[in-house]
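Pasting the structures in now, so scroll down.
In what comes next, subunit A is part of two complexes: it sits with subunit B in the first one and with subunit C in the second one.
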Partner chain A sequence: MNAMTPTIAAGATVTELAPTTRIVLRLADPGGVGIALGVPLSERIGSRATNGARSALCLGPDEWLIEAPETEAATLGAMIADLAARTAISAVEVSDREITWRIEGPAVLELLAAGCPRNLAGMPVGEGARTIFDSVQIVLTREAEDRFHLTVWRSFAPHVRAILDLALRELASGL
Partner chain B sequence: MLLIHCPYCDETLPELEFAYAGEAHIARPADPSKLSDEEWRDFLFIRTNPKGVHFERWRHINGCGRFFNAVRETVGDKFLSTYEAGEPRPDVATLTGEAK
Partner chain C sequence: MTSYRLPNRGRVDHARPVKFTVDGKSYQGLAGDTLASALLANGVHLMGRSFKYHRPRGVVSAGSDEPNALFGTRRGPGRFEPNTRATLQELRAGLEATSQNRWPSLAFDMGAINDNLGSLFSAGFYYKTFMWPRAFWDRVYEPVIRNAAGLGVSPTEHDADTYASRFAHTDVLIVGSGPAGLAAALAAGRAGASVMLVDENAEPGGTLLSEPSVVIDGKPAWDWLAQALAELAGLPNVTVMTRTTAIGYYHQNLVGLCQRLTDHLDTPPEGAPRERMWKVRAKEVVLAQGALEKPLVFDGNDRPGVILAGAAQTYLHRYGVKVGDRPAIVTAHDSAWYAAFDLAEAGAKPAVIVDVRASVDPALTDRARALGIETLTGRTVTGTSGRLRVKSLRVNRMENGKAGAPRDVACDAVLMCGGWTPCLHLFSHTQGKLAWNEAAQCYLPGTKTEAVQIAGAGRGLWGIAAALEDGAKAGALAAKDAGSEAEAPAFTVSADRIGSGVTLRELPTDRDPGKAKAFIDFQNDVTAKDIRLAVREGMRSIEHVKRYTTNGMATDQGKMSNVNGLMIAADALGKAPPQVGLTTFRPPYSPTTFGAFAGYHKDATFEVTRKTPIDPWAEANGAVFEPVALWRRAWYFPKPGEDMHAAVSRECRGARASVGIFDASTLGKIEVVGPDAVTFMERMYTNPWAKLGVGRCRYGLLLGEDGFIRDDGVIGRLAEDRFHVTTTTGGAARVLNMMEDYLQTEWPDLQVWLTSTTEQWATIALQGPNARLLLAPFVPDVDLSAEAFPHMAVIETTVAGFPARLFRVSFTGELGFEINVPARHGRALWETLFEAGKAYDITPYGTEAMHVMRAEKGYIIVGQDTDGTLTPDDANLNWAIGKAKPDFVGKRSLTRPDMVAKGRKQLVGLLTDDPKVVLEEGAQIVADPSQPRPMTMLGHVTSSYWSDALGRSIAMAVVVDGRDRDGETLHVPMPDGSIPAKVVKGTVFLDPENSRLSA
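Then we have the complex of A and B:
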C-alpha cells in the first residue's frame, strides 16, 4: 500500500447525517411486499433497491433495512400497518437506535480498514452489508467509489468514532 | 484470520463476522421426558470432539444472521466446506480429495 502518497494525506472526512426513518422488516416471502411499500425488496443479500429517497437493503435471507426521510415516517408506518393486516411480517422501527455517518474521501478504504475486516474494495457501489467494526456490529453501504455510509447503534457510536478519529490522525500524519 | 464462506451470502468473509455454535447434526429428542438420565446427558453434553474432520454449526452473526453448517478439519483448522442448515452432511471423501 502506498501509505505516503498525497491522496492518503488528503484523508477522509466523517460527517453525521440528519435523522432518518429506519425500519427492520422481516418476512418469509418478499414477493409483492415491495409494491406495497413503494420500494422493491431484492432477495440477494447485500443488494439494495431504491425508489426516490426510499431504499431497502437486503441484510439476510428474510431481513431488510428500509430507510426513508424522516418526514415519511407516518406514511411508511401506515403502509406497514396495512401490510401487516394481510401478511405475516415483523416490522420494527429502529430510527432512533442508530446514527449514520457519511465517510468519504480518497482514503476512505484505508480509514474503514482501521476497524472493519471485510474487503470493502470489493463492495460494489450501491450495495451494502451488515458487518463488524472493532467488535461493534455496523451496517455499511457504498454510496460512491469513495463514499460510504456507516450506520451504528447510538450507544456504540463513541467507541467507533474514537477509532475513526485516531485513524484519521494516523492517515494525516502519513502513517 | 480465517476466511469463511457463508452459504447464504455466497461470499467468503472474515472470521470476525462469524460465531462458532457447537457440533452440527444433533437433533433434539422429540420427547425428552421419555429419555433416561444417561440419554439426556448424552444429548446435552457428549460430543464427538474428533481430531480431524468435524461437522459443526456456525452463525454469520455480524452479517446475514443465519446459522449454517461447516466441515472443518480440526488439526489444520481448514474449512473443507460450508452448507445451508437442514442440508445433509456432504461426503467427506469427496471434500478431502480421497474419493477415487
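Then we have the complex of A and C:
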C-alpha cells in the first residue's frame, strides 16, 4: 500500500501526513523563551500553544515538541541558534525520527481505544500527550472532536499501522 | 425421540429450528437455545465423562459454573475449541460438537474401569502412587499423568480466528444484569453517569429470565425487563454488553472483560474478531453477580439426570425445556420447591419433594399438595440408580439423627439444591476481606480495597425485591461517588418468591460412608470421603486440603464445590468453617481463550518488528534477516547457490579487498546537549572527554554502579556542548534510561538534556580500502584524506546532497566511514552509493560478516563477549579508563578486593590446534579433558568464526586467569570428543598495527 493512501473504513480514516520540522526543546525555565521562538511555551503538560503554523506541545516539565512547516525550518533554526547562544537549552531536530498520521472520523475514539489505554474522550481539542499504543510510545494530539494526530517513531510505525488496520477491519465488520 | 420441548414456553424462537451435530449425530434445536438446552430438549442428559473415574455425567447447571457438559466445538478448519461449556455455547447452524474424555464412545467408555478402581485413586493418589521407582517418573508416571490430565484435546491447527482488544473508561461498571444490576444501571444511568452493564449470558436479565411469574411495578417480570432494557438502550450514556464475562478485577478498578463476538453466529461477518478483551478503568464498580447454587452431597449425586434445581427452572423458563417428566426434588432450600411447582404447572409430574429440613413453611407443603406432589421432610437421600440416566432416588427417614429405612422413588431426573453461595470471585480478586456470616452459613464480602459496591444475592440478599432495592442503592451510590447526583429508584414487587435454607455437609447415609460416591467437585472427581481422608492424613489448612484432593482446582475453580468442601473439612476437623478458611479465587473468573489474552498479538503483529529505512532494499536484494532486540537486521546476502558460510566469507573478502556497504541504522543514538554536557559525559563513561576536541570521536565504555560493562559505542563531539553518542543496538533504550536515571536522581543540577535520535538518522557504513575513493566524490565540502580527516573524526556536512553527520570510524579494521543522514534519505543514499560502488565491486554485507570482521580485530560485542560480570580489565579495556578522572559510574567498584583478585575470568583469544575446526559459541572450556566428571569449568567460548582473512578459525573466550595462560592448551569437550585449543593473550588476530584502519 502506498503510505500516503488513506485507509477508509467504518467512519475512520488514517492518512500519513507530509513531514514537518520537529524540534525537541529542553530547558529548565521557559519564561520569555517563547518570544524568541515565535511561539509561546505553555507550562502545563499536555497543553499546546500555537502561533500560525508553529506549535509547541508541552510533553514534560522541561520538554516541548516544537513543530513548524518545513518552509520555516531555516528561520526557526536561526531563532534557536540565537536563543542557544544566550540560554542553556537543548534543541535537537527529530523531524525524521517519527512520522505522523491524521486519524479522523466518527469512530476515531474506538479505533484508538484498540491500543491506547488513555481516556481520550477526556482530552480537550488542541491538547496532546505522550502515551502508548499497543506498547509503542506515541504522541497524540487532538486536532478536532473527531480528529487526532498520532506521531510514532519510524520503525514502530508498521506495527502500529498494522494494528490500526486490524482494528479498522474490526470496526467495519460491525461487531 | 421424545421431545422435552414445551410449546409456547421459553424465550427460544419456536419458529426457527437450528440443526447441529454431536459426535456426528444430527439433532435439532431452536434459535435461542444453548447446546445444553437443545440436547435436553432432545432428551439427552449424558453429556460427558468425568475426569478421573470416567463416570457418565449429565449437565448439572445452566451457566458458566457447569463442570460436566464440556464439548469440543468446531467451525471448520482452524476453528476448534476444547472444553466448550454446553451451557454457554449458543446453538448456531451447523455447530459440530464432540464429546470428550471417552473411548470409544460417550455411552461406552473403556476408561470407566477407573470407577471400579476408586480405592486406587483416593485423595493424594498422585503423591502416594507415583513415588517409586525413581526411574519411572520420566518415562511412565509423568506421561501417564499428563495424558490423563485435562479433559479436551488441544487444537492442533493454527487458529484461523482473530481476536481484538479495547480499552474503555467509564464512571460505573456493573457486572451482572440480573435485577440488582439492572436497578443499578437504571439508577446510575438516569443520573447521567457513564455506565457499562455487562453480563456473561446471551441475554440480559439474570434471574428474571427464570422467574417470569414475579410482578414488578405492576408488570410481569419479562415485560418489566423489556421496558428496563428499552430505557437503558435509550440512554446514550449507558452501554449494555452481553456475552461479556468479567474475568478479572485488578488494581485501581481495572476490570478485564472477555466479550464473545462470533461463536453464536451462523455466519460471522467478514473481518469480525471472535472475541474481544476489554480493559475497563471504572471510577466505580458494582458487582451484581448473584449467587451460585450448590449441589447436595450424596452417593450418586453425579448420575446423568441429577441437576441443580435452579438450572431446571432456567431450562424450563428460558428455553422451554423440561429436564424430565417425572423429576424427584431433593433440597435444603425453599427455592427448589418453586422449581418443582413451576415444572408441575408446565405439565411434568414431580415424583416427590424431599427436604432434608425437619420442617418447612406450610405454604410450600400446601402448594405441593395442591399440585399433587408428595412431600417428605426431615429425610436424607442415600443413593441413585441408573447407568446413563437416573432411574430412582433412594430416600431415608431420619431417626435420632441417623438414616433409617430406605425407600426407592422412581424418577427420570433429580433436582437438587444445597442452598446458594454468593458469588465472591471478582471481589476476591481485589484482595478484599471476606466475612463469615453465621446466620447464612456463608462468606460475604467484607472489607473493601477498591471503589466497589456489591449488590443483591452477591452479598447474601435473597429475593427479587431485595435485589432491586439493593441494586438501585448501589447504582445511585456509585454514580454519586463518580460525580453525578443520583437517586435510587424504588420498585414495587409482588409474587416475589423469597425463601431460605440451610447449609450442610454430606448427607447422612445408612450405608458405609467410606464407599459412598458423594461428589463435591464434579470436574475433578472429588468426593466427600476424599476430603475426610485428607484431614485424617494430616491436612489442616483448607489450602492443603484443596491441593491434596484437587478440590476446586478444575477449570470451574470450585464454583460449586468450595463451600461444600469447606463444610466437610470443618466438620472433620471439628472446627467452625471460618477457622478453616476459604481458598483464594484468582482470575480468570471462568476459562478464557488464549486468543482473547493475545488479542492482536498473533501472526504479523505478534511482536513489534522494527525495520530500518534500508530494510526494503535488503529484502529486495535477497537478504536473510536475524532478529536483534526488536529489530530485524540483514544477516547476510546469499547469492544463488551460496550457503551462509560461503556468503559470509565472500562478504568479508569483498569488504577487505575493496569496499563493503553495511546498514548500521539500528545503532542506538543519543544526543547529549547542554552547557554541562561534557561534565555529564565525564561522569557517565569511563573515558576522559574534557580534552576531546570538537570534530573528534572516542570509543566510550559504560559501566554499571557495580563496575561491570554495560554498553559501549563511538561518541562524537559535535560542539562544545553537544555529543552524538552511539550505543549498541539492543542497549539503546536501556542506556538512555540509565542516563536519565542518573541525571534526574543524582545530578539534577546539571544543565544537560538527552534526546533519542536513533531513528532520526539512517546510518550507512562504508568499509574497505576503497571506501574513501567511493565516498569522496559525494562529499564536496570535506577533504577526506587521512591527514585532513583521520580515523575518529566527525563532521557535519552534505553527502550526495543530503545533510549528513559523517564519521570516520571502523568496526572492521578497515578504512571506514559511517554516514548518518536524515532517515527519509537513507535508502536514496544507499542506492546512490551502491550504484557508484559497482565500479569498486561494492559488497553489501550483513551482521554476520560484521561480526566476523570485528572479531578478527578483537573488538568485543557487549552482551556476547560480556555477560554482565566482566570488568574493563577482564575485557582488556583498561586503556578506555580515564585514570586521572575523579569519578565515573562504577569507578569505586573497580577497586573492590574481589574485582582485582586472581581467579577472575578474562577475555582471551582461543585458536584451535586444528585450524579448520570452528568452536561452538557457548561451549565450556576445561584444562584436562580426562579429569573425572563433573569437570572443573574454566570458562566458555563467547565468539567463534571461520576467518577467511586468516584462513583459519578464530575464537574469543572468557577463561579463569586467561591472560596468565598465554600459550597454554585448553580443551573444549564436545559430544563427539574434546577439541584442543591454544590461549592467546591478545584478541587482535588481524592487523594489530592498525595500518589498514589508518590508511
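One rule holds for everything that comes next: the second predicted complex is superposed on the first by the 165 of 175 C-alpha atoms of A that agree within 3 Å, B and C clash if a C-alpha of one lies under 4 Å from a C-alpha of the other, contacts with A are read in each partner's own complex, and residues count from 1 in each chain.
Definition applied: contacts are C-beta pairs under 8 Å (C-beta built on N, C-alpha and C of every residue); 3 or more make two chains touch, one makes a residue touch a chain.
Note that this is a predicted model, so its numbers are computed, not measured.
Student: Between subunit B (first) and subunit C (second), which, if any, makes contact with A:V139: first, second, both or neither?
Tutor: Once the two structures are laid over each other on A, A:V139 reaches no partner at all.
Student: In the superposed arrangement, does A:I45 touch subunit B (first), subunit C (second), both or neither?
Tutor: first
Student: Which partner chains sit in contact with A:V33 here, subunit B, subunit C, both or neither? Use first/second/both/neither.
Tutor: Neither subunit B nor subunit C is touched by A:V33.
Student: A:A129 contacts which: subunit B (first), subunit C (second), both, neither?
Tutor: In the superposition, A:A129 touches subunit B alone.
Student: Report for A:S155: first if it touches subunit B alone, second if subunit C alone, otherwise both or neither.
Tutor: second
Student: Quick check for you: in the superposed arrangement, does A:P117 touch first (subunit B), second (subunit C), both or neither?
Tutor: both
Student: In the superposed arrangement, does subunit B or subunit C reach more residues of subunit A?
Tutor: Ranking subunit B and subunit C by residues of subunit A touched puts C first.
Student: Check the residue A:L59 against both partner chains and state whether it touches subunit B (first), subunit C (second), both, or neither.
Tutor: first
Student: Quick one: classify A:A107 as touching subunit B (first), subunit C (second), both or neither.
Tutor: The answer is neither, since A:A107 touches no partner chain.
Student: Overlap of the subunit B and subunit C footprints on subunit A, residue-wise?
Tutor: 117-118.
Student: Considering only the defined contacts, which subunit A positions touch subunit B in the complex?
Tutor: Contact set of subunit A toward subunit B: 45-46, 59-61, 63, 117-118, 129-132, 137.
Student: Help me check something: in the complex, which residues belonging to subunit C touch subunit A?
Tutor: Listed in rising order, the residues of subunit C that touch subunit A are 162, 164-169, 261-262, 268-273, 276, 279, 281, 600, 604-605, 608-613, 631, 671, 673-675, 751-753, 755-761, 822-824.
Student: Tell me, which parts of subunit B touch subunit A in their complex?
Tutor: Of all residues in subunit B, those touching subunit A are 1, 8-11, 13-17, 62-66.
Student: In their shared complex, at which residues does subunit A touch subunit C?
Tutor: By the definition above, subunit A touches subunit C via 19, 24, 26-28, 62, 88-98, 110, 113-119, 121-122, 134-136, 153-156, 158-159, 162-163, 166-167, 169-170, 172-175.
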